[in-house]
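Below you'll find the structure I mean.
The first chain written gets the first letter, and so on, giving A, B, C and D; residue counts start at 1 in each chain.
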């Protein structure tokens, strides 16, 4: 049966989005289906002109590129839509349903994080045949073992530590590197273990700055005159909750809070030259690793098979080595690091300070 | 209790060996234990002088380096030991047991592939308290979900495809790239899906060369005047078993069999300019990816915890997200790609030719 | 004055071609000119349909990609044109001139190696206003200090040596790596010095295989049980001229001659396990380095300025820090390595064997 | 004649320092000389115990590593020496001369930037036979065409732009990336041309923020809803001189001034979401590129040949393709970008905004 499906990408971009788009389009073409790309997340469905046909030609060579050819946005919730400049959100979800029908679509694939999956769930309840595809750089989505973007982010952060290591050592300095992770510290933990960090600070473990300084001084005494600290942006210093000016529309997001504050305190208490660095969007935009390309490609193909099966309201998920589905209703819980996680135990076994002792 | 443990690396080298060594040494030091490194695999235990103490200083900065600071060899089976130049193997395993005791060792960590795990099992039966750590670039070991080295090999092969893609397209050529995998095609499959191959040939699926040529000609007709073929070294052309001159001691190993023969036949049948390339040791020696460093580091630390637990004769293994152990007796079975593997299904969904249709 | 210029890329592809195309197109657009891309080298001018307008959109994001969006060919000499399947070349240069006029072109930019520059010179003599842009991976063109492609090739070869180093050391092997350079050994020399090779073999210095083996054995005696040899494909073993089956149209080019033969002889004479590897097209197709992108971009812009100046029959060239022009008549001489080149002296100072002592 | 030479590295570290050390040591060993490494710049000569013999073993495998095995410091001027905690600098240069003699040294190689070369000149005037080796990431040293470290810094910055490009485009944002360059904008200019920046801001051209915003808005109107701005840390917004809190001993250096302020103003005036990123030490510590390794290696070897020649008080310098020497007295002038530099012309030809129109 000839079908027409659409795909959209929402929330922050992650390396692998284009590989999902390409795989879904190829798998659909192979079944003789048409594929539309919806631009700028769900918001693109508020306007039937925001779609482009995804042909063999316009998905060429995109799998290894970062970003998303469809664009994305953090402001696309049709249940609480807020045009730039407006202040009162409106529920425009009925328009999405109407446009979905007017475009003659048989299914919608939506790629996104926890927010996007919640919206997908609500759209499914309003009758749209939807399949979710999980995306989160931070690896903080509970429904899937892992998803694309995370491996690339860990690679970037780990390579940054590799780069800073020799300059830290040559100048006998302390470096504090801030990585992504507001609520879950997966990137910090994995990059820190991979990149040989001396201290790893994650939101799951309240940070005792004294313990951090003790670790640095202990290294000093044993002849290691430098230290590398990696801190998730959501790490909580001395039990405080990080206050963070949130991005305002059209405004400048301030990153760098934790690293800068921690660096100041380390310098003050230990007397060591201390520098901070915020990796920020470098973790997000790069070309996906081979592993992320594969996961993204598998998800794109699996989502199309799911459409073929006729069962909607689910998200594809990785349960290695299988790809299976979980109900959208259950897909969007936060996955933080358990304190008995094997990589946490490994970090402690290596003598890495986790800020708590 | 003060203990002394030893660690050795056997078989072909894989990116991540040094990260295992470092992690095991740090985890042991943290418990106040001493650690010896045994040089050149089990063969190093035939001679008590082939050990070096692994101190904090000689494991510095090694985690991100390829190779192994302990050296390795493919000729170290103490149950069938064959000195260079000799032709009749001898069972020298008793000497290993004797030297193990003479060195005052409490446990032996051995890092290796299926061959090394079989030897470890036999040494354990002779009374050596041993913990195995799996290593295989090819990902063909059944006891563990995955192990270190594979991710790096896939990355290298995938990047090679990325490099060849534009030159293939500019010159309207076919490229055949030969990757590792004598019995299992994991590297070819994953690199091919990641790197956008048009044809992926693996040992698990007998290759119909006509089907391969049809795929190339079909692309030609649709305006794609180039193709990328990735072939595992063990791919069987037209049902034949690959005959391969094996490496002789001191001799020159001939690689490149499959790619070269396939390229000749493609050129002959399709009339397309066709080039072959054998990636060979480039897949093996590079710096480990962040992911491989993490797996290797977790294995090293887990093996030390296993020694602490007092249970031997097992291999550490990854069962995501956990690291657990499996009996050495069961650790060394070959893991080939099931034909319903999700990545195989994905490849077919993308229209990639797997050589069988 | 509104003009229309064309650009074409000929000969083997080199990283940076797309950056030249983009820069030339942008610089021409900025002057209000139109730009046509001619596909597949000069051969594209035998057929007015082989041109595509180069607009802002179809040159987007190409600067960092290998290959050439215009395609290329080694068989495009219009003075001795030989269609695939034909055996007698014909002079079709008059057609090129006719088509150039029919397309209403004001100038032709041709990017290519020594062969392309010779053709450019002859076309200029027939009245086509032409500006050459030098391209050679091998760095063997005399008219310019350096050109794009070379830096990328050296990087790829140097990184290959980095990858092979740890596996060579772990297994106590000799590796022979064959790199590009039929007549000039620039890639071998630079990659070898950068990548820590023990032996570097270039076409400019006849190779005494005994000297090579002595170096390997001397390292063996001093406790270095491995060696890295890098050989240009045109290196001459024991004074012989390399005979090499040349690529035949539609045929399979055999690479790997020198490395394989040398590896066999080293293994034979030294008894060391020796492996060979042919880098081949990996040196050619990858993404250009930042430096190659800059050189290529500068050349593309300079060629357009040259068109504006109205002086033709020249090739742009790098004379650091300037870009200037040289007459096409003088542009195509071969540049081999002088024996007193500073990098040669450096190699000798480091104790690297150059095959002659 | 048996000699003993020493080598020291001063100022900020740069990728390639270890390659210089290795090359100089190998070239000296080959002449039968002894080599001492002086730790922490000239300051190491205030204390004869701060030297280590550089043997074949402790320089193994260092050429491709960032940092410097000798350590470095920004506080080592013996003519105005200021111990940590002290506030009044003292002239301790006589101690350096005395220790140099007491160590029985025949020559000193000093690797450093303009400050180090000035000190070298003064030490030479006090009788120390000294050869300088230029080091500057910023490429702002006039005596040499280029030196090591710069190519790596450009690569890192160019790759950062590559990474930010897709995320900027996906989110329709402006990114401002701050790179090194207090007085000279070479890194910004080269990385910007290579990485496809839309705006490049350098200290040599006062920045008219209105011009920058016009460029961004002009792109917006033509359908490019994102822009990449690269700014040297010394770029002067609206004619102001950047005031910058200088690093205090033991304190935290604040980077990020220019990018953050510029991002705020762009957001304000254009209404575009704008993000800033400070690359900081990522440009400094990474592994040197192949090109930087070669330059560094050539400099190390050339410096030893210079010692052999017996002529001191000079700095080795690159005048492609030669390495020659310039008097130390003339070596330390600042090299800024001339406004008619070919890469500047190229940037303008591509339509890149340089902040002045």
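Here, contacts are C-beta pairs under 8 Å (C-beta built on N, C-alpha and C of every residue); 3 or more make two chains touch, one makes a residue touch a chain.
Every value quoted in this text rests on a predicted model; they were computed, and no experiment measured them.
Counting hops only between chains that touch, chain A reaches chain D in a minimum of 1. Inter-chain spacing, taken between the CA centroids of chain C and chain D, is 30 Å. Centroids built from CA atoms put chain D at 41 Å from chain B. Inter-chain centre distance (chain B to chain C, centres taken as mean C-alpha positions): 34 Å. Of all residues in chain C, those touching 2 or more other chains are 162, 165, listed in ascending order. In terms of which chains touch, the assembly is arranged as a closed ring, every chain touching its two neighbours and no others. According to the touch criterion at the top of this document, the contacting chain pairs are A-B, A-D, B-C, C-D. Those residues of chain A lying in contact with chain D across their complex are 9, 12-13, 17, 65-68, 71-74, 156, 160, 162-172, 175, 247, 249-253, 256, 260, 263-264, 267, 271-278, 280-282, 284-287.
Remark: chain D residues 23, 26-27, 30, 61, 63-64, 145-146, 151, 154-155, 158-159, 162, 165, 190-191, 193-196, 289-291, 293-294, 297-298, 301-302, 304-305, 320-323, 341-343, 345-346, 349-351 touch chain C in the complex.
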